[in-house]
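Both complexes shown next keep subunit A, but they swap its partner, so subunit B is in the first and subunit C is in the second.
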Partner chain A sequence: MVKIEAEGKSYVAINDEIHQHAGDILITDCCGQRFIGAGMGNCAIKIQGIPGNALGAYLNGGEIEVFSNAQDSVGDTMNAGRIVVHGNIGDTAGYAMRGGEIYVRGNAGYRTGIHMKAYQNKLPVIVIGGTAGSFLGEYQAGGIIIVLGLNRDGKKIVSNYPCTGMHGGKLYLCSDCQDVLFPKQVTAHTATAEDMQEIAPYLEKFSQYFGMDLQQICSQTFTVVTPDSQNPYKQMYVTN
Partner chain B sequence: MGQDYIYPEFEVVRREDRCIRCGICVKQCANGVHAWDKERKILHIDESKCVNCQRCVCFCPVHALKIVKSEAGFRENANWDNQTMKEVYLQAKTGGVLLSSMGNPKPYPIYWDKLLINASQVTNPPIDPLREPMETRVFLGKKPAAVQRDAEGKICCQLEPQLELAMPVLFSAMSYGSISYNAHASLAQAAKELGIYYNTGEGGLHEDFYAYGANTIVQVASGRFGVYEDYLNAGAAIEIKMGQGAKPGIGGHLPGTKVGADISKTRMIPEGSDAISPAPHHDIYSIEDLRQLVYSLKEATRYRKPVIVKVAAVHNIAAIASGIARSGADIIAIDGFRGGTGAAPTRIRDNVGIPIELALAAVDQRLRDEGIRNQVSLIVGGSIRSSADVVKAVALGADACYVGTAALLALGCHLCRSCQTGKCNWGIATQRQELTERLDPQEGYRRLVNLMTAWKHEIKEMLGGMGINSIEALRGNRLMLRGIGLNQKELEILGVYHAGE
Partner chain C sequence: MTGEKIMQSMIPMHERSNGLGGGFAGYGIYPEYRDFFALHIFFNSESSRTECETYLRTTLEIVRSETIPTRTIPEITDEPLIWRYFVTPLRSVLSSMQVDEREFMSRVVMRINTVYKGAYVFSSGKNMGVFKAVGYPEDVGRFYRLDEYEGYCWTAHGRYPTNTPGWWGGAHPFALLDYTIVHNGEISSYDANRRYIEMFGYKCTLQTDTEVITYIADYLLRKQGLTLEELANVIAAPFWSTISRRDADEQQRLRYLRTVFSSLLVTGPFSIVLGFEGGLMALNDRLKLRSMVVGEKEDMVYIASEESAIRVMEPELERIYAPAGGEPVIVKVKEGAY
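Here is the complex of A and B:
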């Protein structure tokens, strides 16, 4: 394993070093350097310290593991690979993500999974262990977002306006969602055994990464939200 | 019928003495204007479906057809013209947002036509481009503020990545989806032969066109369609689309019905799913945020490609451009309010944004005033209609021009402004196979090369006439322009004297 000491280094220098060493990499003392792993296709990066914005942007394979918090835009436009964050993350994680997986032990900020897509055999998945901020799954066009709301001490599992403009994919919330207001164009129902089967592999990985009790998670009530139409704006226009 | 009936805008006139009943007009019209009436054994015309695309007129072998604007209409009224009334009726009937295509057709001032180009007489004689070399090449990208030398005094030639253009023109962003495969094939081949670039728009890049990567600009828009590692590395430059002249401030929306198998592949979304590009990039709320996207793209492509930021020309464009220049972008593309589109809400297209001429002059001046003009190149579009517009744009301060509508005209477009129906009879703005087949990419490519070759000659002649032998020497050279029929404020913004001054 190659060790990159991030202290005092710019993101350009760190990414240069990563590019020079294809293989396992450990970055230590990371302190807000952005774009780590951007556009990479075959990396195995472990990060100690806190990486900056756009961690793993356009990621196209490999795995990035962060042992503390990460900041905004984790996995922006990610196409494949996996990002595991042992702490909390900031806003717009998984923006327009098309494939791959993001696992977060703690909470996520605003606009998680915005405009997430799916394509052929690509199914992007985001699992948030804690709670999610406002506009969760905005414009969601595909993929699966799961929010577990663990240890939330009475806090709402998701803040305001989830699923605004959603027109594809599925959102799972580990809650009965009595206190969550969804927009008109989506339908929320209690997860069936089939629904739960669909996310079982992701929950299993989540529990493995963070040492959680899988049985305990799966025994809870989940709400599933899906859009009513792939074409929400069909009737809006008239040809002039 | 009844209250909603509106007399058709066009009348299709058939000269029966010439018509040989060959039925070509029936086959050529995807709108169903022409039909063979079996019982009456006549060719029937339903002019209510006519969009005046001229397809039947061009293909009638005996020139028996013409399309004329109907004299019929509502009672004349300078305030309530026919179109305005028609739009009210249409909305009263449907409750829909009006959707139009191509550029703003309203009679706003066209400043290109109010600017005149200089020529040398007696002193500083003109140059004959047929005899002497004329440089039309331009390089787009950041330029150093000063000459840098190493310890031994040698000039450092390490420049930021540049785009090299054989002439100061690029084909504008038009996505596969808004235009056809064959239209893209024509543009890509022509760009390669001409030594310029075409632009994927936000629709991703078809696998067949990766071969033209060295002449391709790949676009990243708010929907991020088709954006992934190979796509970013495929092009010569990456363009972040923040806005578009035809619809500033709003997003794009390709309806699911147009997302067929092939389109779904390039956009990388499921078939039949709406392709929604939200109005904003939801991770960009500031210049700092824009900088993050610029640098994430630079990092992902290891600083090998210039990054373009494209915005619509709007009221505060000079300050916006200054911000973009400071975001780390290499090139700013500004799209004027006459820019074309495959579909835009009518009200936005016709009422939002400002003319490109004023925007360009304001931006160039602002960047000079702030001493950062060298940090970015400027591309302008919306709309550039001829080589004269290109020369005027360069003299106002542009490094190069985006050309969209004129390129489509070269491919056969007759500007009927019905792209949004998806039934383009010329095989350009459609995905229906029987229509797309009508555009032969070899023919299309040849016509594009012809058009640009002609423009290049004309540009050289105009340059030569001014006694200038390179585009570089014309850029921002506003003394080569004079205004005609412009008021003091317009002259002040354009930074030109009035003719006669």
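Here is the complex of A and C:
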């Protein structure tokens, strides 16, 4: 394993080192350097410290694992590969991603999965272990977002305006969602065995990465939200 | 604490600005002159300074005037003349105008910034000061020798101007009296806000949108006597649909504020930190189109656009969280501790 000491280095220098080595890499003392692993295809990067915004932007394969929190736009426009974050993440994770997987043990900020889309054989997946902020899955066009709401101490599993502008894909919330207000343009139903079958591999990986009890997670009630094609989305920002 | 820590915190934030503006506000930095207003002024020339000082002497007692100490460094060039004055309004002038000293000082600032060509007051509070320039913030801090000042509260900003000029007066923080604003974002409602606030004697002269938020804060807090929470409910008013889900009393309160001060609703993306004597308020726009993180450890509170800036100042935090859009974070220094 190659070790990259990030302290005092620019993101350009760090990414240059990553590209030179391609393989198993450990980045230490990271503090806000952006775009780590951008466009990378085949390495396994472990990061100690706080990676900057757009971690794994355009990621095209391989794996990035973060042991603390990550900031905004994790997996921005990613195409393939996997990002695993042991802490919380900021806003707009998975922005426009069209492939690959993001697993987060803690909570996510605003606009997780905004503009996420599926493409041909590509199906992007985001699994959030804790809660999600407002505008979850905003303009979601494809892929799967799963929010588990673990250890949320009475907090709502998702804040305001989830699924605003959603027109494709699926959102799974581990809750009966009695306290969640969805827009008129989506339909929510209790997950069926078939729905659960679809996300079983992702839940299994989640429990494996973070040492969680899979049986317990799967025994909860999940709500599935999909767009209602009979009643398409019209507007949000104009009539405020 | 000195300005050293907050300067360090700006280093990982380098990418967020482009060298066209950086600045700091320090509170509690002039204890020996705590009863005097500290005017920080940029002058384009000696003649503009002479002219402005003549005006100052007619209305204010100047107990000390000096250039603000700076370091000559290659990163900061083309500086104007940078002066500071510790002043107090002449009692005779106050009583003849029948205004209190804060109102009087705000009028002095507006007068200099509009009437005196080549003179810009960029800081005007008591026991606090703004330091700003064209450059990256970490360089601006070294330029102004902020490691030599000690205060109880600091704010900082790196600018990336996108649609207004990058000049010395346009760097953040924007200040009036002890109110300062640093702002990440852009205000869609700028001109509506400007037209409204200019009816009350404020003049927007600094060519960029953030300035108006400073005057809104001064107007609502000082002149209208609103609380900080109410200020947040005006400028980042909840959506009508959100208000309609609150309990009856809260609905009435929020409707009142949104209706009476409708022209002071600030739209567009923003995260701001408002500094004032004795504390800070951080606020995001209600859609939260900009990032903000708050960290806490013992009696310290840290607020930044990114967690990494906070970790530079305090690696081991007890709590770190991102406040929701429109939800103010108010931090007050203990009474008597500043």
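One rule holds in what follows: the second predicted complex is superposed on the first by the 230 of 240 C-alpha atoms of A that agree within 3 Å, B and C clash if a C-alpha of one lies under 4 Å from a C-alpha of the other, contacts with A are read in each partner's own complex, and residues count from 1 in each chain.
Here, contacts are C-beta pairs under 8 Å (C-beta built on N, C-alpha and C of every residue); 3 or more make two chains touch, one makes a residue touch a chain.
Keep in mind that this is a model prediction, so the values were computed, not measured.
Asker: For A:118, select first, second, both or neither according to whether it touches subunit B, subunit C, the two together, or no partner.
Answerer: So A:118 only meets subunit B here.
Asker: Is A:72 touching the first partner subunit B, the second partner subunit C, both, or neither of them?
Answerer: Both: A:72 reaches subunit B and subunit C.
Asker: With both complexes overlaid on chain A, does A:23 touch subunit B (first), subunit C (second), both or neither?
Answerer: A:23: touches no partner chain.
Asker: Which one hits more subunit A residues, subunit B or subunit C?
Answerer: Touching more residues of subunit A than the other partner does is B.
Asker: Applying the document's definition of touch, where does A:34 land relative to subunit B and subunit C: first, second, both, or neither?
Answerer: A:34 sits against subunit B and subunit C alike.
Asker: Applying the touch criterion given at the start, work out whether A:53 contacts subunit B, subunit C, both or neither, answering first, second, both or neither.
Answerer: Both subunit B and subunit C are touched by A:53.
Asker: Looking at A:90 after the superposition, I want to know if it touches subunit B, subunit C, both of them or none. Which is it: first, second, both, neither?
Answerer: Touch partner of A:90: subunit C, not subunit B.
Asker: One more residue to check, A:201. First (subunit B), second (subunit C), both or neither?
Answerer: neither
Asker: Is A:133 in contact with subunit B, with subunit C, with both, or with neither (first, second, both, neither)?
Answerer: A:133: touches subunit C, not subunit B.
Asker: Does any part of subunit A touch subunit B in one structure and subunit C in the other, and if so which residues?
Answerer: 11, 34, 53, 72, 91, 237, 240
Asker: Which positions of subunit A touch subunit C when the two form their complex?
Answerer: Contacts found on subunit A: 11, 31-34, 49-50, 52-53, 69, 71-72, 90-91, 109-110, 133-135, 159-160, 237, 240.
Asker: Which positions of subunit C touch subunit A when the two form their complex?
Answerer: 12-13, 15, 239, 242, 267, 287-288, 291, 293, 306-309, 311-312, 320, 322, 324-325
Asker: Give the list of subunit A residues in touch with subunit B in this complex.
Answerer: Answer in residue numbers: 11-12, 15, 19, 34-35, 38-39, 41, 53-54, 57-58, 60, 72-73, 76-77, 79, 91-92, 95-96, 98, 111, 114-115, 117-119, 122, 138-139, 141-142, 165, 167-168, 230-240.
Asker: State the interface residues of subunit B toward subunit A in the complex, per the touch definition above.
Answerer: 87, 90-91, 94-100, 222-224, 227-229, 232, 253, 255-257, 264, 268-270, 272-274, 276, 278, 282-283, 292, 295-296, 299-303, 345-346, 418, 420-421
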